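Same chain, two partners: chain A is paired with chain B first, then with chain C.
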Partner chain A sequence: MSITLDQVTKRYQGAPVVNDVSLEVAQGEFFVLLGPSGSGKSTLLRAIAGLTGVDHGRIALHGQDVTHVSARQRGVGLVFQNYALFKHMTVGENIEFALRVRHMKAADRLKRRRELLRLVALEGMDDRLPTQLSGGQQQRVAVARALAHKPQVLLLDEPFGALDAKIREELRRTIRQVQRELKITTVLVTHDQEEAFALADRIGVMNLGRLLESGKPDELYARPATRFVATFLGAANLLLARQTTQGIRFGSTPVRAHPTDKLDGGREHEVVAVLRPEEIELAPTRDALRTNFIANGVVEELVFTGALERMRVRMTSGAAEGQLVSSGAENHASSAFLDVTRTQYEHRAFPVTLQQSVAVGVRRIHVLPTPLSSYTACASGPEAAERLARHPFLAELAARMKTRIASRVEPTLAAPDRNVAASTPISGVAVIATQNNLLQQSEWLLQNGAAELLVLPSQAAPPQRVLIHWADDSARRSTLAVAASVLRHVPAEAVYLGILPGAADDAQKPLGVRALLDARSEAQSVHGLEMRTELHFGGAAEALNRQLGESTDQMLILGISSLQQLRDQFGAMLASPVPYSLMIVYRPAKELEVNPRLDGIRDTGGAGERAALS
Partner chain B sequence: MASGPTKEMLAELASRPGRDTIVSTFIKAVFIGLSLLFLAALLFAPLVTVFVTALEKGYEMYFESFRDSDTIAAIRLTLITAAIVVPVNTVFGIAAAWAIGKFEFRGKSMLITLIDLPIAVSPVISGLIYVLLFGAQGWFGIWLQEHDISIIYALPGIVLATMFVTFPYVARELIPLMQQLGNDEEEAAITMGAGGLMTFFHVTLPKIRWGLVYGVILCNARAMGEFGAVSVVSGHIRGMTTTMPLHVEILYNEYNFVGAFAVASLLTLLAVVTLIVKTLVEWRTGYTRTK
Partner chain C sequence: MSFRAPSILPGFGITLGFSTFFLSAIVLIPLAALIAKTGTMGWGDFVSTIFDARAIASYRLTFGASLLAATLNGVFGFIIAWTLVRYEFPGRKIIDALIDMPFALPTAVSGIALTAVFAHNGWFGQYLAPFGIKVAYTWIGIVVALTLIGLPFVVRSVQPALQEVQRDLEDAAETLGAGRFYIFRRIIFPTVMPALLTGFTMAFARAIGEYGSVIFIAGNLPMKTEITPLLIVIKLEQFDYAGAAALGFMMLVISFIMLLSINLLQAWGRRRHVAAGR
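Here is the complex of A and B:
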């Protein structure tokens, strides 16, 4: 491996800007770090270069640990967005700088300079000053200069940021060419997905300091695992759907086609479906569709962009009931819009005009393997439910997840009664405000179909640290899936707390450590989630309370496999209103045993069935 | 570049106000005239007066006044003081600007405020501080006397007071410059393997040279011309502890106008020469670099 990052964390004023990033870049690979501004990608690049120290973790170049080696000794080539050329030196002097540092003979320097200028197609420009060159030429000089001392790793920090489109493309080609010719391991940071696709052997998508996913461009595009990657890498329509034995159902409209991903289990549950705009087909009537019908709609926006025609279709029936979450940021929760792109060919086959009614079909559906689909704010009265739905942390979480918050009035919540069942099973994550009869409310909601329950104190802020604990191993898989999903949308550090009874003897300790390692490796391999682990002794509730009391701005994700567990082990914690955000993940153990071929990351419980079982 | 207007030309064109925004050339003339008038009244007239009065009684008298041993001592003292103060404050200014421009640390804004202090404080107070510290009745007075070290009413006192008054000049000039220029070039140099000294002399210093030259010139002008603070610590011992500004005052009080204005004219000349040197250096280097 040419570059190895192991759990690299960098904090700025307490908050992690790079959060537990592990990554391997192979020799000669062109790796692109893609993310919005503020996602920590530049900080990560600077950490690799050695210009920024890390607070935690290890960095190795070519198998050699360089975590504590200065930037000067690391011998990487770095190219900045603003070129950072030495303005008082000529192009030739700039390129020779690294060689002069190394006391290379003048003749050799000249030879190398010629070589490099040829490489970046700037022959004969030796005596120009940087100010006499265009932006594109300056950046070429910067690339040549970064390569002068034959670094084994080339790092580029948004190298095309300051250039206009035409030159950008040209320079992009040059850089790709240079990289291929020298077979140099390269990491490029950008926020431009087009650039990432054009250059990368492999793309890593970062958000909120975390490396969410990495993979080949086409694979990431076709099969993203997270909402963020689905919408950041190209455009995507996110729709809430229900997964049933027959396949996917949008509202009451079943889609018979087999989704591209194999669906597990036979239980019905809410999922997030990704529909790429180019996979959507329009036709005058439902019968004229060659693909699976999902909705009827009206064309609301129509933009001609040359090769493609972009439009926005408002769904009037069918999938519209399923509530849509569009990648278009604004008012995504209330309206059911679909982004559609069509080629000229498709346009000629079926020209549409504004306000025309169309039938909408879809060629390909990708279901995200995320357990958190949507939120339902539950309260005993309508005002309380509304207020809860507007909770700032919840709103932020939902906005980041690009999902909706429904509110639901359950009068029974005022005095939860085991014998009163909810009219319909609760779908998505149930959200309640923290209060006195928390335990009873939690039990009732979990009994009535909620697989995840989020308890929010009125002042809850986005946490800086997320503690993860599960009551027994059967809850591990689902808890980790939920934790991974939460942590992709919250800039917090993750800590798994393993707790052994206070009376644990020495024979049990290795088992405890083993459990920690298992948890870590599963989080890493299945979810790409890096987390720290801690082993504590004593009663579970006391140990957790101790940790949660350490500082504010924490969140607890608690996995249980039976309601009895919740009452016996954690009842004491829930006896009074909790001051932290709490996510309870409930998967009945029995059901897991019945269904051994669960896919791990997609084991959201079948709501209806569970209600019947318990 | 091959053809077409250069980027600089276009930028300059764009930065000029459009023809319609200026009412007429008349207004332009009025503005230029006003500026010149102010300059004439406030700058040129006194300058002329200095030279006219100095040369009132002929060149002989003018040069005669420089043959006076006290005057020569005053000139020497002024030059020595400047020769010590300017380099020291240059080093200090670069160090302070470097620290403020490149690092984040606690008390940074406090440091910036402290650097400004000498500008805010009256020079007389600056002088008094040293008298209170090192004077016969001062905190270290007894100790200094026991060890036979004289600071007040001697060269060390004058140097200290001048240094205090002039230390903001280089730093003030460099701090905004360094903050604005950023660290990219230095960081690039470091990743290429350059050490601290090499980075400083080959990357940072060329970047900041104009700001530095300007700061040094301001510092030098003030160091040679400082009156208040030096007056307090010098003790006005003729031929021993009088700098040029102090000597001008003494001569003036003795109604030796020619002598006073002759020294004043020399002081003025020194200032003018430094400004001309600066402009020359700027122009020559700028010329070779952009062509």
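Here is the complex of A and C:
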């Protein structure tokens, strides 16, 4: 491996800017770090270059640990967005800078300079001053300068940011050529997905300091595992759907799914479906569709962009009640809009005009493996439910997840009775406010179909630290999946607490440590989640209480596999209102054995998640 | 050459008019008067006045001390500007404000204050005396006074230039393998050099014309610690207006030559780069 990052963390004023990033870049690979501004991608690049120290973790270049090696000694080449050329030196002097520092002989310097200028197609420009060159030329000089000392790794920080579109494309090609010719391991940082697609062998998407996913461009685009990646890499419509034995269902409209699509132990559950705009088909009537019908709609916006026709279709039936999560337009959050793009060919086959009624079909649906689809604020009265639905932390979480918060009144919650069932099964994550009969309420909700339960104190802030614990190993998978999903949307540190019963017993310690390692490696390999681990001894509830205390800026994610467990092990903890945010993940043990629904798409080899249609 | 529409910006005529009027009224006419006054004395008198041994000693002292003071300011002013720009520390704002004090203080006040401190029984003077170092009433005192009044010029011209040195440049140099001193010498210093030279020139020019603070600390011994401006005042007190004007004229010529050569040096430095690009 050319570059190895191991749990790299960089904090700025206490808050992690780069949060537990682990990454391996192969020799000669062109890796693109993609993310919105403030996602920590530039900080990570500076950490690789050695210009920023890290607070935690390890960085290795070509197998050598360089975590504490200065930028001077690391031997990397760095290219900046604003070129950072030395203005008082000529192009030649700029390029020779690294060689002069190394006291190379003048003749050798000249030879190397010529080579580099040829490489970036700037022959004969040696004596120009940077100010006499165009932006594109200046950036070429910067690339040549960064390569002069034959660095092991080339790092580029938004190198095309200050250039206009045409030059950008030309320079992009040059950089790709140079990279191929020298076979140099390259990391480029950008916020432009098109640039990432054009250059990368592999893309890593960062948000909120975390590396969410990495993979080949086409795979990431077709099969994202997270909402963020789905919507950041190109346009996407996210819809809530239900996964049933028959396949995927939007509201009351069943869609025939791919036969390989498995179902979670026969139990129906809510999922998030990704519909790319170009995978949507429009036809005059339902019968004229060649693909699976999902809704009827009306064309509300129509933009001609040359090769493509972009439109926005408001759904009037079918998937419309299938609770559209987002179509990229926050201002239309209340209506069910679909973004659609069509080619000229499709347009000729079925021209549409504004306000035309159409039938909407979909060629391909990708179901996100995330266990958290939507939130339902539950309370015994309508006012309390509404208030809870507007809870700032919940609202922030839902907004980041691009999902919706429903509210639901369950009068039974006032005095939970095991024999009274909820009117309909609860879908999505149930949310309740913390209160005195927390244990009873939790049990009742989990009994009535809630697979995840979020308990929020009224003061809850976005957590700085998320503690993860599961009562027994059968709850591990589901808890990790939920934790990974939460942590993708919250800039917090993740800590797994392994708790061994009884006093510190030497014979037990290795077992405990192994459990920690297992947990960490599973989080890493299955969910791409990096977390710390801590081992404690004694009663689980006591150990957790010690860690959490009265803090309001922590969150606990607790996995259980039976309600009995909740009562026996954590009953005391839930006897009084908890001051921190608490997420209970409940999967009855039996069900998990039949079909671990939460093992996510990645380990089923990519076949399982595709509800490919038609 | 046409003065019509040299620029699309309107108002060229009126602004040029004002500039010319102002320059004439404030600078050129008084200077012309000085030269005219010098002209009232005969050639022989003129030569004997300006080449008088006492006058020559005063030129040497004035320009020598000014050059030395400006050089000291160049070094220490740069360090102060560096400290103020590069580091965050409590009291930084206060020190930053203190830099301008010599601008605001009447120069006589600073002269008296310096004399009190550096006299042989003053706060500093008493510790320097046992080593045989006398500051007050010697040329060293003059240099100290001129350094004080010239400091803000250097700091204030270097500060913005240092602020503009992009951190990226240093980061780039560091990844290319340069050490801290190398980066300073090859990247930061050349970038700040023009501003430093400007500050140096202003401090130097200010020192040449300084009178108020020097006369208190200098002791004013003829041939030893007598600066040219003082000699002019002495001539004035003796109602030798033409003689005073002649010395003034001489100062004007020397200052002009020195400032011109600094400017030419600067222009040459700029041109060298432009020429290198051709």
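By our rule, the second predicted complex is superposed on the first by the 575 of 614 C-alpha atoms of A that agree within 3 Å, B and C clash if a C-alpha of one lies under 4 Å from a C-alpha of the other, contacts with A are read in each partner's own complex, and residues count from 1 in each chain.
Heads up, the rule we're going with is that contacts are C-beta pairs under 8 Å (C-beta built on N, C-alpha and C of every residue); 3 or more make two chains touch, one makes a residue touch a chain.
All figures in this text were calculated on a predicted structure; none of them were measured in a lab.
Novice: Clash or fit: chain B and chain C on chain A?
Specialist: clash
Novice: Using the touch definition from the top, say if A:Thr90 reaches chain B (first), chain C (second), both or neither.
Specialist: Only chain C; A:Thr90 stays clear of chain B.
Novice: Please work out whether A:Val101 is in contact with chain B alone, chain C alone, both, or neither, and reply first, second, both or neither.
Specialist: Touch status of A:Val101: both partners.
Novice: According to the stated criteria, A:Ala71 is in contact with first (chain B), second (chain C), both, or neither; which is it?
Specialist: So A:Ala71 meets both chain B and chain C here.
Novice: State whether A:His149 touches chain B only (first), chain C only (second), both chains, or neither.
Specialist: A:His149 sits against chain B and chain C alike.
Novice: Quick one: classify A:Gln132 as touching chain B (first), chain C (second), both or neither.
Specialist: Once the two structures are laid over each other on A, A:Gln132 reaches both partners.
Novice: Hey, what residues of chain A end up touching chain B and chain C alike?
Specialist: Shared contact residues on chain A: 49-51, 70-78, 80, 82, 84, 86-88, 97-98, 101-102, 129, 132, 142, 145-146, 148-149.
Novice: What residues on chain A touch chain B, complex-wise?
Specialist: 49-51, 70-78, 80, 82, 84-88, 97-98, 101-102, 129, 131-132, 134, 142, 145-146, 148-149
Novice: Note which residues of chain A are touching chain C in the complex, please.
Specialist: 46, 49-51, 70-78, 80, 82, 84, 86-88, 90, 97-98, 101-102, 127-129, 132, 142, 145-146, 148-149
Novice: Which chain C residues qualify as touching chain A in the complex?
Specialist: The contact residues of chain C facing chain A are 166, 168-169, 171-179, 182, 186-187, 190-191, 273-274, 276-278.
Novice: In their shared complex, at which residues does chain B touch chain A?
Specialist: 1, 7, 184-185, 187-195, 198, 202-203, 206-207, 289-290
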